[in-house]
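In the part that follows, the structures are each spelled out as structure tokens.
Both complexes shown next keep subunit A, but they swap its partner, so subunit B is in the first and subunit C is in the second.
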Partner chain A sequence: MASENSLLQYDILGYIKTLDQLEDFSLGIDNVLSGLFTATNKNIEEILDKTVGKSTADVLRKLIVENKIDSSDFSSLEKLLNELKEELKKVKVLKISLAIDPSKERIEHIFDWVRENLGKEIVLDIDKDESILAGAIISFNGRYKDFSLRRNLGEIFKNKKAEIMNFAK
Partner chain B sequence: MVIDPLVFFDLVIALFVVSIALTAIALSYSQMLKKFNAYQKEADELMAQVHKDGADLLENARIKAGQIIEDAIKKAAEIIGSSNNLNAQSKKILDQALDTLLKHQTSYFEKASSDFLEAYKRELDSLKQKNIEIVKNVSKDIEEDTIKEVKDFDNILQKETFAAQKIVEDKIEDEYSLAQKNVEEYKNEMLKKAEEEIYRILETVSKLTLGKSIPLAEHEQLIIEALEKAKKDGIGE
Partner chain C sequence: MKDFTAYLNETEEIGFVEQVADAIIYVSGLPKVKPEELVVFETGEFGHVFSVNPDYIEVLVFFKKHIKPGTRVTRTNEILKVPVGYELLGRVINPLGNSIDTTKPLKTPPEKRGVNTHPAGIIKRRAITKQFETGVLIVDLAIPLGHGQRELIVGDRKTGKTSFLTKTILNQAKRGNICVYAAIGKRKLDVKKIEEFFAKNGVLDKMVIVASGSGDSIGVIYLTPYTAMTISEYFKDEGKDVLLVLDDLSSHAKFYREISLLGRRFPGRNSYPSDIFYTHAKLMERAGNFITDKGDASITCLTVAETSQGDLSGYIETNLMSMTDGHLYFDKNLFYLGRRPAINPFLSVTRVGRQTQTNLRRDVSREIMSFLNLYERMQSFVHFGAELNETIKATLATGENIIHFFNQTPGEVVPINLQIIAFTMLWANLWEIKDTTMIRKQLHQILEAYSSDKKIREKIDKLAETESFNKLIGVLKTEGPNIIKAVSQKYGN
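The block that comes next holds the complex of A and B.
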């Protein structure tokens, strides 16, 4: 059966990097749990095929195998999934605003840095805001940090206004 | 029924005593009645005497009063006769005095009226002359006053015109100064706005130029740098 922290033990968060993915995964778990109580479903494999996408199904299959849950043991799976849901509620969200649309590689790069430096039970909530020009605005643990190029330039223009205006004249 | 002789004897004695007493009373009453009749007669006589005296007294008084009235009438007739004589004399003297007085007063009043008329005429003439003089003077005064007032009005009008002109000039000067000040303020404000606009355009252009010119690798580097700064600022704590 699952340990005290299934997320860390099976590194589920290695698959879930963003808030969108986390929400999809949680929804998938709810769908599987609903499937467990549908009379027409004969086994877990059938439920996974019908209720969730491939990536979510793969993560859950891995969990089922590692927890040695029989294909017909619906109650053990229910218990595991409920524990997993509780664990997912504890995951923290790091909100980061970027000036560009990040590629998959870039998201992984950022995610790796966050796991390595800030902790493992964190997912990213990325949004695009071209007005920040470059850099990032980060919100985490109720703190807000603006390290955007827009802010830097704003400060430069503010501090050197007179100089800039003389130059403009 | 048999009466006891003792009782019978007592009854007889009692009847005897009673009869004696009644007899005594009857005798006494008879004497008293006689006395009363004597007194009554005496009183009637006295009353008759009194009535007679009163009638005599009234008769005497009436006779005396008649005499007195008769004397009085006589004396009155005498007095009236003598006063009629006196009245005729007095009337004659009074008529004479009145006649004299009337003559005297008539002449006096004639003279007084004549004098008064004369004086009145003189006063009237004098008054007329004075009135003519006053009218003459008044018209002259009116003329002088009118000329003076016209002159004063002219002076005041001139002064007021100058004052109004000065006020208008000052007002125009103030308005002009205010307008100049407003224009200057507006000019400065617009210059400031223009400067701000130039500054904003410069900033925007700089940002856009810089933002567009940053390569993706540089973006990634800046993102990681931002995360590192955030970590250094304690965002993970």
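The block that comes next holds the complex of A and C.
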């Protein structure tokens, strides 16, 4: 059976790095749960093949094996998946706005840094906003930090404008 | 006010809309947000923090626009404030301080004040000593009010409560006092009618009307009495005597109940939240008689509550009764009997009004109340008809005359000195009364004379300074006929 924190115990969040992946994974769990008691499905393997993608199926398979769930024991699997769903709801989201589309390597780099410095139960929500020009805007746990070039330039323009206006007086 | 991005960069705190329940929006994030703080949505709208929970905050919004879950929210580090100042006089504004009247632009006053402030402490308060003149005979003579008194106006629908209030505002505004009228969740047409009535009578420039319509957001309606009270406090601090009318707090309670239920507060009696008493009492405590930097000033608060089927024992009505200094009960049955105003003097209470009266006024008030009591008891003998003895017949006839004397048309305001003299004339049988219509005629004549003839006014004002009722009757028996003669010669036709 899943422990207090199966996300950490089985390092599921090692596979899930972004909010999109988290949503896909949650959707996958929902699909498996709805397929569990369909008359045509005979065992767990069949359900996983039919309802979810390969990466999600691999994670769930690993989870089933490590929790020693029998391939016909649907109720234990249902309980496990429901607990997993609840734990996924507690995962925090670190939102980053960048001016570019980050490469996979860059996302992994950021993700590794976040895991090491901020904790493991965090996923990234990266969006592209060209108007920030460069740098990043980060929101996490209700905190908001604007490290963008747009803001720096804005402040420079504001100061210079004040200087010019003073000079003009 | 700044925009969303400016506040976001300033406070560096962000939240996200999680759930929308009409006027209550659940927001996650914003770790350092404070209760009652103003928050701003990405869409530019503002809301006010209603409660703070460990996982989310409840935001009360002041708009009807739909907000999507996921919308960003940030703090402002400011509380909800409304503009206050003389610029508001003569205007109809919404509870956020914006003009409802689109034809004339409102010059926004430079000063702003928080709407939900704490009531002033005991040191800044003063006993109520000045009589508050409503211009309504039965109130000023039998159930007097004082400046700074909080009086509940309670009664069924369509029993003349608004008519009484407009009359009182008219009288107070004409005397140079500031009047603030809060229309809480009223129909727009009703607000327009009220505005037009005061404009027609030339007192709108002494008034501020704070109005919210029944179609407005619940947040805006909830805010109405608080904004009106904040504006009243400004004028009070300017050393003015202010009359504040809250029309009506039973509707306000219903809107607050809606907000609380949406906010998942535990429902209490009649589903009202447990803090409904506190909510209203805190508001009512802001009225009173105060010591200010510019001298003594008062906020007289007339609060309206609507009863159902004349039931005075309703939850909100009894709450309001216990937090005010008395109540005027508008009786549906008296209204059907043709009494205008339909105030029931036996079920009405004034707790501080009598202390403001002079000896003469107190004498008159006592005499009226004891006579009305007697008249009420004598009423049960009416069915004996011709068998009644002369004393009872005389009492019943005088009673009927006094009841007719108290009847007033909607725009008719009678100054207090004239009220006393006119009543004493009636009491002393100085008026020639063939039938009850003569009472109105006599009163109108003397009222006209009082307002246009300086000599008569001075005479009446001097007579009203007499020490006691008995002495006044004595004086009037000699001087009264001359006044009546002078009045009827000049204003007889």
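Basically, the second predicted complex is superposed on the first by the 159 of 169 C-alpha atoms of A that agree within 3 Å, B and C clash if a C-alpha of one lies under 4 Å from a C-alpha of the other, contacts with A are read in each partner's own complex, and residues count from 1 in each chain.
By definition in this document, contacts are C-beta pairs under 8 Å (C-beta built on N, C-alpha and C of every residue); 3 or more make two chains touch, one makes a residue touch a chain.
Treat the numbers as computed from the prediction; the structure is a model and nothing was measured.
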item	value
Fit-or-clash call for subunit B and subunit C when the two complexes are aligned on subunit A	fit
First, second, both or neither for A:30, with subunit B first and subunit C second	neither
Between subunit B and subunit C, more extensive residue contact with subunit A	B
Subunit A-centred angle between subunit C and subunit B, computed on Cα centres after superposition, in steps of 10 °	20
First, second, both or neither for A:118, with subunit B first and subunit C second	first
Partner chain in contact with A:151 - subunit B first, subunit C second, else both or neither	second
Touched partner set for A:73, first subunit B, second subunit C, both or neither	neither
Which of subunit B and subunit C A:134 touches, first, second, both or neither	first
First (subunit B), second (subunit C), both or neither touched by A:143	both
Subunit B and subunit C, minimum CA distance [Å, superposed model]	9
Subunit C-contacting residues of subunit A that also contact subunit B	141, 143, 145
Residues of subunit A defined as touching subunit C within the complex	139, 141-146, 151
Residues on subunit A engaged by subunit B in the complex (per definition of touch)	96, 98-100, 106, 109-110, 113-114, 117-119, 130, 133-138, 140-141, 143, 145, 147-150, 153-154, 157, 161, 164-165, 168
Residues on subunit C engaged by subunit A in the complex (per definition of touch)	8-9, 11-15, 28-31, 74
Interface residues, subunit B side, partner subunit A - complex	195, 198-199, 202-203, 206-207, 210-211, 214, 216, 218-220, 222-231, 233-237
